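Going in written order, the chains are labelled A, B, C and D, and every chain counts its residues from 1.
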Amino acid sequence: MEPTPWDPEGATWVLDADGDLADGSAAVGLDVRNYYKALVAARCLDVRLSRMNLPMFASSAGEEAPLCATALVARDEDWIYPGVRDIAVSLTRGLGPDELARRVMSDGPGRVGQAALRIASPTAALGMHLAIAAGHAHGQRLAGTHAVTFALLGEGTTTAGVFHETLVAAAARDLPLVLVCRSQLWPSGAPAEAGLVGDSVADRARGCGIWERRVDGADPIAVWAATAVAAARARDGKGPSLVEVATTQLIHDPPAHRDPLERLRRHLDRTGQWTSTYQDVIEAEIRGQLDRAFAYGTEVA
Amino acid sequence: MEPTPWDPEGATWVLDADGDLADGSAAVGLDVRNYYKALVAARCLDVRLSRMNLPMFASSAGEEAPLCATALVARDEDWIYPGVRDIAVSLTRGLGPDELARRVMSDGPGRVGQAALRIASPTAALGMHLAIAAGHAHGQRLAGTHAVTFALLGEGTTTAGVFHETLVAAAARDLPLVLVCRSQLWPSGAPAEAGLVGDSVADRARGCGIWERRVDGADPIAVWAATAVAAARARDGKGPSLVEVATTQLIHDPPAHRDPLERLRRHLDRTGQWTSTYQDVIEAEIRGQLDRAFAYGTEVA
Amino acid sequence: MNVTESMSLALADLLRDDPRRVLLGEDVVTGGMLGWSRAAADDEALRPRLVPLPLLPVSLPAHAGGLALAGLRPIVLLSTAFALLEGLAGLREIGLWAGRSGGERTAPVLFVAPCGAGFGLGDESVEALESVLARLHGLQVYSVGRAEDAVARLVGAATFEHAEDPTVLLVPRMVLAAAAPDDASNAGSLAATSRVREGRTLTVFTWGEALEPVLAACDDGALDATVVEIGRLAPLDRDAIVEAARDTGRVAIVHAGSVGHGLGAEIAALVAEHALYYLDAPVLRVGGDDGVHAAADELRSLPAQGRIAAALGELANP
Amino acid sequence: MNVTESMSLALADLLRDDPRRVLLGEDVVTGGMLGWSRAAADDEALRPRLVPLPLLPVSLPAHAGGLALAGLRPIVLLSTAFALLEGLAGLREIGLWAGRSGGERTAPVLFVAPCGAGFGLGDESVEALESVLARLHGLQVYSVGRAEDAVARLVGAATFEHAEDPTVLLVPRMVLAAAAPDDASNAGSLAATSRVREGRTLTVFTWGEALEPVLAACDDGALDATVVEIGRLAPLDRDAIVEAARDTGRVAIVHAGSVGHGLGAEIAALVAEHALYYLDAPVLRVGGDDGVHAAADELRSLPAQGRIAAALGELANP
């Protein structure tokens, strides 16, 4: 397939625009249908939240792959430090819709952490969760465990000093830290706040001696594979990594192949794993759960 | 000449260990004898200060080249933001020994700024002077002047978040900012605080899209030449730069060719511009000035 | 027109009045998160003076200080006052420039920052940081209490009426949400304190979003109360505060945010030091609830009007 | 043996007592800038628990908080208390963990920080930041007043005697320079307030390096004064403070650093709120001179004994 102006430069993919898997080994160990269900659930949650007129809420539609992939790759003993827009991590990791709705109504959609699930609360100071995550990974390493700490961020946060100090600490002490960065693509020119300096975020991480991959966020399998490799490295004591995921926000109205759900759906369809009935069933299930949860949440709030 | 284990890797030089100039064009526009005098004065000042048992004072012997070169390259209309150990910048830029001594006695050797000479005061917060310098360069650019802002730092400061934010701001707005970084070499292994991550500081700056050069600090001509090119670029609107200067502190007792004064002395000697009488005269002059200044300063303090 | 819109127009005028002024802030070229730079962005002639930057939480105040040292008059439109905590070390630095030996220079930067409850954000956005800012040297801190004063305070602060020091103007989100009265004046006005109500039984010191509920409580309770708005939070006008306390001998301090170690502590201390012999009752501090407040509970960071009324009533009629 | 050496021995023992403890700090593997980790560095068995890091001014407190969340008990040896200002946003964050919904976790980190005049550094090193730290939620702040208490406070703080919250122990440089008395106890002790002298005419609240000159001034002037050392600066022990103020009716607050918006303001406010009817004289605050102090003038940041004596004398005998 010809790349369109919507496709990122220098980003790895394994699933082409039509959903053909170029490299089957990338999906080894991945339950693709389960992943697809998680992506659909994340999208349904985003749609639900978008309707609620929450203060400062911004849709994550189109950016679900790194959120769901991180939650799927992380093991029970690992910790995840999401950013304020990464609520889908909690849903995929198992925070029940009722509890999730309760927290959204009380704390806001950006403040959904749950110690029991080893999901940390985001911080008020931009990117400060990355520094706490680095310390957490440091503690895991000093304790001699093989646990990994994951932290999520957006490209705008990479200009903050604390992001740099996190890279430095991780590199200096070989920490089992996996940074997953959503780098939004700007079809009509990036604002200054996107912080595009140098060639890419991954490139800057490499400058600090950190292992990195830059993958296409419209390809959920590539995102999962890169995250899985990064986590395996960390678990094996090989140190920190940064997975940069080039994402297209659906609010920009991109062509369908830029939507990670549609891309994975095409793949399932081609491999005989998808029907419209299947789609209806999984959507109905999650929508029903969310509707009940938020209806109740709204009542008690 | 064979490099010794004391010589930095990947750092440019033009003056070899014996003082032979490999590339004459590097020194075009440089008054080498004047530069040598400035280096000698800086060393004499360092020796004077080292004897005074000042709190937290650390000798800069061996690291004078970037300090003197910056002061010589900067024009009157430019501003210089030195770090706390860069007092020689002020001496070379023309802060009189009497005023300098007065300020050392009142504020300490790290806090010698002088607005009239366009030398800023260092900041208490590590590396915060870099952020102010970036803002200053930004103001110069917005005002449409061709003035340049120079800021000095050590490699330890490059791990601080504010260093990163400075690179980002400079790159994002194409600021006329020249960063001059002393990267100390550690003959018997660097401490964690040296912040050696990635290949070099210059490499990390390049990752942010910033023009950089890494030069050998034992070669004063290479240091001057790189700084002059960086300043010319900034003046021409070509944006920010970072000059990384790999320095050897004389407290580590390196071979003589690692001493920038000795290296330049050999060059002057070879080209018939140095005699021991000349040395005695310039040393006597600056020593006399400093002795008088500090004797008086001590009296009034 | 709401307060944000009138401030936006005033900011555009400020740019027109002095070519040294520039606007910094998140999304400043497209109007900014709150819309403060919208009017300037709509005027092609002003657009070059909207200065976009990446997100620089640590260095933004210091960067703005550098712009000022280079001769500009930067106005930094923050998305939240909390950003000043992230850049506090740099803010402290630029406050010190004037006091450094080696030649005095000041850094006339204005930071305009929304603060407090009102947008349903909770957490850090409702944290009252006045006392932290007031502890820094060389900083001027102002606050807006009533919608009709917002533009006058903005203009006064941006013209550095009092001193060419780094200046912070805190604008409560509750005030931003209000309608801008038609009769508001655009002339700058930065009184350190204003006696907005006169009475003989008690003196209430207040500022920010607490001013309106205090006035309402006094009116509703028909209290014979002097209400002093503290417009300048730092440096405090000690003499005016002490005099107003002595006038009635009963002092209450009412403000948003928790009271412990807040700015009200310094006001109470000034009263205890300089007006003690005039006091007929213990000094009273009324603020919001302690602790971090979740988004849904953010109004707990404000002293409710009922609580204010009860407290002032008891102070007036013990 | 000086205080630093005795603290160094105590720190090594603390590592031996609990394998979860680790030491962080600049040059920690070679003893640290002040020598606090020297004894630990001399013991091969402890060396793996000396954790070197690059300079991370923004993120060090947050990083240490992360270590604590992972189950360790980090002790961060700062080279100056001012570093807490550079990392304030992160420090605030780890103080909030316990208060967040979603499951309570605390971050038991101890920061040990030299503060104030004594080393001839001036400027930021002599800035008193207690009131800024006290304004943050969920933080415990302790201070050392006398050399003989240094080790006991350190041990008490490192064992989180009071609460498993992030804790700051401020150690005045004037105290560090003193000799460690032989009879000092190593048992942890973290009293929020200690009445170190009893008297009936006036009550002096003081802490840190001001304690010794206050005691000397009381003795020299033969003042009938109660002296209360505030050992825990945050949270303050309100009841103990109010009771001590009521006992005599004359209150002075003496501390290093400038008084305006300092920690003494909160103490004065508590007295004005809860002990007003017992007061016979205005509350008095005595501190160092205002402003930034150059290295050569750094002692101006301390209240001189003569000035303390004069002020207390006048309060006692008006």
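Keep in mind that, in the parts below, a contact is a pair of C-beta atoms (placed from the backbone, for glycine too) under 8 Å apart; a residue touches a chain by one contact, two chains touch by 3 or more.
What you see is a predicted model; the values in this text were computed from it and never measured.
Peer 1: Using the touch definition from the top, list the chains contacting both chain A and chain C.
Peer 2: B, D
Peer 1: Hey, which chain ends up farthest from chain D, C-alpha centres compared?
Peer 2: A
Peer 1: Can you check how far apart chain C and chain D are, centre to centre, with Cα atoms defining each centre and the answer in Å?
Peer 2: That pair's centroid distance is 31 Å.
Peer 1: Just how far, in Å, is the C-alpha centre of chain D from the one of chain A?
Peer 2: Centre separation, chain A to chain D: 43 Å.
Peer 1: What is the distance, in whole Å, between the centres of chain B and chain D, each centre taken as the mean of its C-alpha atoms?
Peer 2: That gives a centre separation of 39 Å.
Peer 1: Which parts of chain B, given as residue numbers and ranges, touch two or more other chains?
Peer 2: Answer for chain B, listing residues that touch two or more other chains: 106-107, 111, 124-125, 159-162, 165, 168, 172, 192, 195, 197.
Peer 1: Can you list the chain C residues in contact with two or more other chains?
Peer 2: 53-54, 56-59, 85-86, 89, 92, 100-101, 294
Peer 1: For the protein chains shown, what form does their contact graph take: line, ring, star, complete or other?
Peer 2: Topology of touching chains reads as complete, every chain touching all others.
Peer 1: For the complex, which residues does chain B have touching chain A?
Peer 2: Touching chain A: residues 159-165, 167-168, 171-172, 192, 195, 197-199, 203-204, 206-209 of chain B.
Peer 1: Could you list, by residue number, the parts of chain D that touch chain B in their complex?
Peer 2: Going by the criterion above, the answer is residues 26-27, 29-30, 52-59, 82, 85-86, 119-124, 294-297.
Peer 1: Which stretch or stretches of chain A touch chain C in the complex?
Peer 2: Touch list, chain A to chain C: 54-56, 105-108, 111, 124-127, 156-157, 159-162, 191-195, 197, 301.
Peer 1: If we count contacts the way the header does, which residues on chain B are in touch with chain C in the complex?
Peer 2: Where chain B meets chain C, its residues are 103, 106-107, 111-116, 119-121, 123-125, 128, 130-140, 142-143, 161-162, 165-166, 168-169, 172-173.
Peer 1: Could you pull out which chain C residues touch chain D in their complex?
Peer 2: Touching chain D from chain C are residues 57-58, 85-86, 88-89, 92, 96, 99-101, 129, 131-132, 134-135, 137, 234-236, 260-266, 268-269, 271-274, 276-277, 279, 281-285, 291-292, 294.
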